[in-house]
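Shared chain: subunit A. Partners: subunit B in the first complex, subunit C in the second.
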Partner chain A sequence: MAALRQPRTGGLLVLAAIIAVLPFLLPNAYYFDVVILVGINALVVVGLNLLIGYAGQISLGHAGFFGLGAYASAVLPARFDIPPLAALVLGAIGVGLLAVVIGRPILRLKGHYLAVATLGMGLLIFMLLSNEQDLTGGPDGMAVQRLTILGYKLHGVHTWYWIVGGALLTGTWLALNLIDSPTGRALRALHDSEIAAQVNGVDVVRHKLTVFVISAVFASLAGSLSAHYSGFITPNSAGFLHSIELVTMVVLGGMGSTFGGIVGAAVLTALPQFLTVFHEYEHAALGLIMMVCMIYLRDGLLPSLRQRLHWRRS
Partner chain B sequence: MSEFLQFLFSGITIGAVYAMVALGFTIIYSASDVINFAQGEFVMLGGMCTVFLAAAGVPLPIAALLAIVITAGVGAALCKLAIEQARGASVVALIIITIGASVFLRGIAQVVFDKQLHRLPAFSGEQPILIGGATLLPQSLWVLGGAGVIVIALHRFFRRTLFGKAILAAAQNRQAARLVGININLVMLSSFALSAAIGALAGILVTPITLTSYDVGTMLALKGFAAAMLGGMGNPVGAIVGGLLVGVAEAMGAGYISSDYKDAAAFLIILAVLSFLPQGLLGARIRERV
Partner chain C sequence: MTLLRVEEMSIEFGGVHAIEDLSFVIEPGAIHSIIGPNGAGKTTLFNLITGLYRASRGRIMFEDRDIGGQPPHRLARLGLSRTFQNLQIFFRMTAIENVMVGRHLHESRNVLAHLLRLPAVVRQNQRTSAKARELLDFVGLADDADVAAGAMPYGALKRLEIARALAVEPKMLLLDEPAAGCNPVETQEIDHLIQQIAKTGVTVVLVEHDMRLVMNVSTHILVLDAGRKLAEGSAAEVRANPAVIAAYLGAQGQRELARAQG
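Let's turn to the complex of A and B:
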C-alpha cells in the first residue's frame, strides 16, 4: 500500500483509471476527438514540463519540434516511400539529433536570452516548413497517410483514443521515472542554482542537453501522432502561437507538476472547443488566461489546489 | 551599385523602425527588468488606431496624436494591471505575462478593428527621390526623421530632466533609487507609457510603406528584440545600431539571397549573436552571483 501513496505510482494509477473509464462517459465522437487532442498536447506538455518545470529552462520553440515530427510522418511516406511507422521513428531520431546540435550553443543562455533563442529556432523551423513548397506543400499544408501497423490500418476515434492514451501513459511513466532518478535530482539542483549544482559535481551542460533532447523527442512523437490522427497538417502546428499555447499549458497546470501539466493541457485544449460561441474572442481569452494565471495562480492550477487542501486539513 | 544602394535604403528605413521598437524594449527593460513582448502590439495599435480614426473623419495629424495617446494609455494599463500585480514573479512568469498581453491585445484588435490590411496615405507625396540610381520614398525620410527626433529627445530627457535622471537611477539600482525618494511605481508606469508612445509613433510612420494589420506586432517585436539584443540589452545606442544592422541584413538577405527567407535574417542574427557574443555588441559583461 505504501507504494500507492507515492505520487509516482498513485498518480499513474489515477491517470490509467481516468483513461480506462473515460470512453464510457464520452457521449459521442466529437468528445473523443477533443480528448484525443488533449492527450496529444498533454504528451508534449509532459516532456516540456521536464525542461521548464524541473530544469528551469524555458523554450518558446517546442512547436517547431512538434511540427518537424508531424512533417516527418507526412513527408517521408508521401515523397520517399518510407513506411509511416519508420517515418515516425526516423522523425523522432532526427529531431533528437537536431536538438543536440541546437541545444549545445543555446542552452548556455539564460532567461530572456534562452526564450528568444528558442523562439527564433521555432520560427526558423516554421519558415522552413512553409517555404519549402515542393516538399511540404507550403502554407496550405499536406495530407498524411494512415498509420499502418502489421498491415492493419489505424482509423476511427476509438482506436486513436487507445493509442494516444497509451502513449500518454507511457510518456508520463518515463517522465516520472526520470524525475526520480539521479538525472532528475541533478535537474532540480541546477534549477535552483547552476553554479551550486556545478560545484557539487553535477554536469550542468550535459543534464540540460539531455532533458532538452528528451522534451524535443516527446514533442516530435506527439507531432507524428497528431499528423496521422488528423490526416492533414499545416505549418501552423509548428507556429509561434502553438509554442506559446504549450508553454501556457505547462504553466497553467503547474511548473514541475507532471500531472498538473496534463490538467493544463486538458483545460487549454478543451476550453476553446466548448467556447466556440466566443470564437472571435479566442485569442483575447487565451492571452487573458496566460496573464491571470501568471499573476494570481503562480504555482499553477493543480499545485495551488493541493496547497489549499493541505492548508485546510492542518 | 544602384541595386546595393536600393537595398541599403529599404534596409535603413525598416531598420529605423526596428530601432524604435528596440528602444522601447530598452526603456522598459532598464526601468523594470521586464522584457515586454507586447512591444510589437504598440506599433500595431499606433498604426491601426490612426487608420481607423482617419477613416472616421479625424484629420490625420490629430488622428496620429490620438493614436499615440491611446497606445500610451494601453502601455500604462499593462504596467498597472499586469506587471505591477506580478511583482516578484520569476523571469519565466514575466515572459509569459507579456506574451499573454501581446496575444490579448492582438485578439482584441481583431475584434475591435478587423483582419484586413490597411494603409495610410504617404505624408508628403509618393514621388520617389532619385539618389545614385536608387529611389528613396519621401515616407522613408519621415521614418528616419522620426527615429532621429526620438533619439535626440530621449537623450535630452534622460540627461537634462530630473524625471529622466530618476528613471536612469532606478535602472542602475532600484533599492538605492527608492531610498533617495524616487517613486519606482511612477518610473515603471511612465517607462511603459513612454515606450508605448514610441512604438505607436513608429507604427504610424511606417504604415504608409509597409501597411498594417492586427497581427503585424509579433514579427516586429521579435525583430526589435533581435536588434536590442544585438546591440546589448539595456543599451539605447546599442538598440539603434542593432536596429539598423538587423534592417540592413534583412534587406540584403532578401535582395541577394532569397525573399522567402527575409524574416529568417533576424533570427539567424539572434542565434549567431547569442552563441558567440551573449552580451551583444555593446552590452556590459555580467557575472552570475551565487
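Let's turn to the complex of A and C:
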C-alpha cells in the first residue's frame, strides 16, 4: 500500500488507468484524435521536462528534433525504400547523434544564451526541412507511408490510441526511472549548484549532454509517431511556434514534475479545441488562461494543486 | 608521505595578486587550519586546490601527483572534497538526497541501466540511501533525512554540507568557515564534529574566523596575509609569533577594543 502512495508507482498506475478507461468515455473519432495529439505532445514534454524541469537547462528548439524524427519517417521510406519501423529507429539514432554534436558546444552556455543558441538550432532545422524541396517537398509538406509492423498496416484512431498510449506510458516509466537514479540526482543537483555538483564528482558537461540527447530522442520518436498517425507533414512541425508550445506545456504543467508536464500537454493541446466556442476570441481566451495560471499557480498546474490539497489536509 | 604540496603558487585577478608565491605542505592525518584577515586569500586558496580556479604559476601536488588544471570532478575522484563558505546546497532536494549526490563516484554511471531501472540500480539506490542515512546520523541530522533542504535552518545546512562532502569518502576534506553564522552551541558541535572526522583518518583543512575553534582543534596553522605566507606552526607557535600578533590578531584585537569602548 505504501508503494501506491509514492508519486512514482501511484502516478504510473493512475496514468495507466486513465489510458485504459478513456476509450470507453470518448464519444467519437474526433475526441480520439484530440487525445492522440495530447499523447504525442505529452511524450515530447516528458523528455523535455527532464532537460528543463529537472536539469534546469532551457531549449527553445526541441520542435526541430520532433520535425527531424517526423521527416525521417516520411523521407526514408518514400525516397530510399527503408521500412518505416527501421526509419523510425534510424531517425531516433540520427537525432541522438546530432544532439551530441550540437549539444557539446552550446550546452556550455547558460540561461538566456543557451535559449538563443537552441532557438538558432531549431530555426536551422526548420530552414533545412523547408528548403530541401527535392527531399522533403518543401513548405508544402509531404505524405507519409503507413507504419507497418510484421506486415500489418496500422490505421484507424483506435489502433493509434493504443500505440500512443503505450509509448507515453513507456516514456513516462523511463523518465521516472532516470529521475530516481544516480543520473537523475546528478541532474537535479547541477540544476541547483553546478559547483557543488562538480566537487561531489559529477561530470556536469557529460550529464547535461546526456539529458539533452535523451530529450531529443524522445522528441524524435514522438515526431515519427505523429507523422505516421497523421499521414502528412509540413516543416511547421519543426517550427519555432511548436518549440514554444512544448516549453509552455512544461512550465504550465509543472517544471520538475513528470506528471505535471503531461497535464500541461493535455491542457494546452485540448483547450484550444474546446475554446473554439469563443470564435475569434479563442486565442485571447487561451492567453488569458495561461497568464492567470502562471500568476496564481506559479509552480505549474499539478504541483500547485497538490500543494493546496496537502495544505487543506493538514 | 606528504598529502598535499603547494609550490610557489600565484594567481592574479586583474593585476591584483590574490595568492603570491605561496608554498606549504599538508601532512596526512592533520587538522590543518588556514587563517588570516578578510581578503588574505583563504577561499581563493581553497578554490585553487579544488580545481575551481587555475593557478597562473606554481604547482599543486596531491599524493605526489601534479593536479594543476584538473577539473573539480576529477579531483573528487582522487579524494578531495569540500564545503563552501556561502552554502552550496541542492535546495530542491531533500537532506538525504543531498548526501546521496555525494555518493555519485561510488555508484555505477550506466545511463541505460538507470533508464531501465535494472535490479542492480534498485539495490544500489538502497545502499546509497543507507550510507547517506548513516552520514546524516554522524552529523546529527538523522531526524531531518526527508526534509526539503530549502526548509532547513542555516546551522543544519552547514552540517548537511559536511555530510555530503564526507559521502565522497575523501582523503582530504576542506571546510570553508564551517562555523560562520553559528551560535556558540552550534560552534561547539562543529568543533566536536571536526575532531570526530579527523579521528576517522580524514585529513581536515579548515578555514575559519572563530579563533577559539581554530586554536582548539588545529594540529597545524598556516597564517596568510595579502596572499602571502605570514607564519606557520602549531597553535602555540602561531599565537606567540610577533608578526601574526601585529598583522592579524593584534589588528583585530585593536578593532574589537575600539568597538567595545564605543
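Couple of notes before you dig in:
Rule of thumb we're sticking to: the second predicted complex is superposed on the first by the 294 of 314 C-alpha atoms of A that agree within 3 Å, B and C clash if a C-alpha of one lies under 4 Å from a C-alpha of the other, contacts with A are read in each partner's own complex, and residues count from 1 in each chain.
Going forward, contacts are C-beta pairs under 8 Å (C-beta built on N, C-alpha and C of every residue); 3 or more make two chains touch, one makes a residue touch a chain.
These figures come from a predicted structure and were not determined experimentally.
Of the two partner chains, subunit B is the only one touched by A:Leu119; subunit C is not.
By the document's definition of touching, neither partner reaches A:Val44: not subunit B, not subunit C. In the superposed model, A:Leu88 lies in contact with neither subunit B nor subunit C. In the superposition on chain A, A:Met142 makes contact with neither subunit B nor subunit C. Legend: residue contacts after superposition of the two complexes on their common chain; A:Asn200 is shown touching subunit C, with no touch to subunit B. When the two structures are aligned on the shared chain, A:Val247 is found in touch with subunit B, with no touch to subunit C. Once the two complexes are overlaid on the shared chain, A:Ala74 sits clear of subunit B and of subunit C alike. Comparing the two interfaces of subunit A, the one with subunit B and the one with subunit C have residues 193, 195-196 in common. Taken in their complex, subunit B has these residues touching subunit A: 35, 82, 85-86, 89, 91-97, 99-108, 110-111, 218, 222, 225-226, 229, 233, 260-261, 263-264, 266-268, 270-271, 274-275, 278, 288, 290. The part of subunit A that touches subunit B in the complex is made up of residues 52, 56, 58, 60, 105-106, 108-113, 115-117, 119-121, 123-124, 127, 131, 193-196, 240-241, 244, 247-248, 251, 255, 280-291, 294-296, 298.
Within the complex, the subunit C residues that touch subunit A are 50, 52, 71-73, 75-77, 80-82, 84, 88-93, 97-98, 100-105, 107-109, 111, 114-117, 121, 124-125, 128, 164-165, 167-168. Interface residues of subunit A facing subunit C in the complex, by the touch rule stated above, are 174, 177-178, 180-186, 188-189, 191-193, 195-204, 210, 214, 256.
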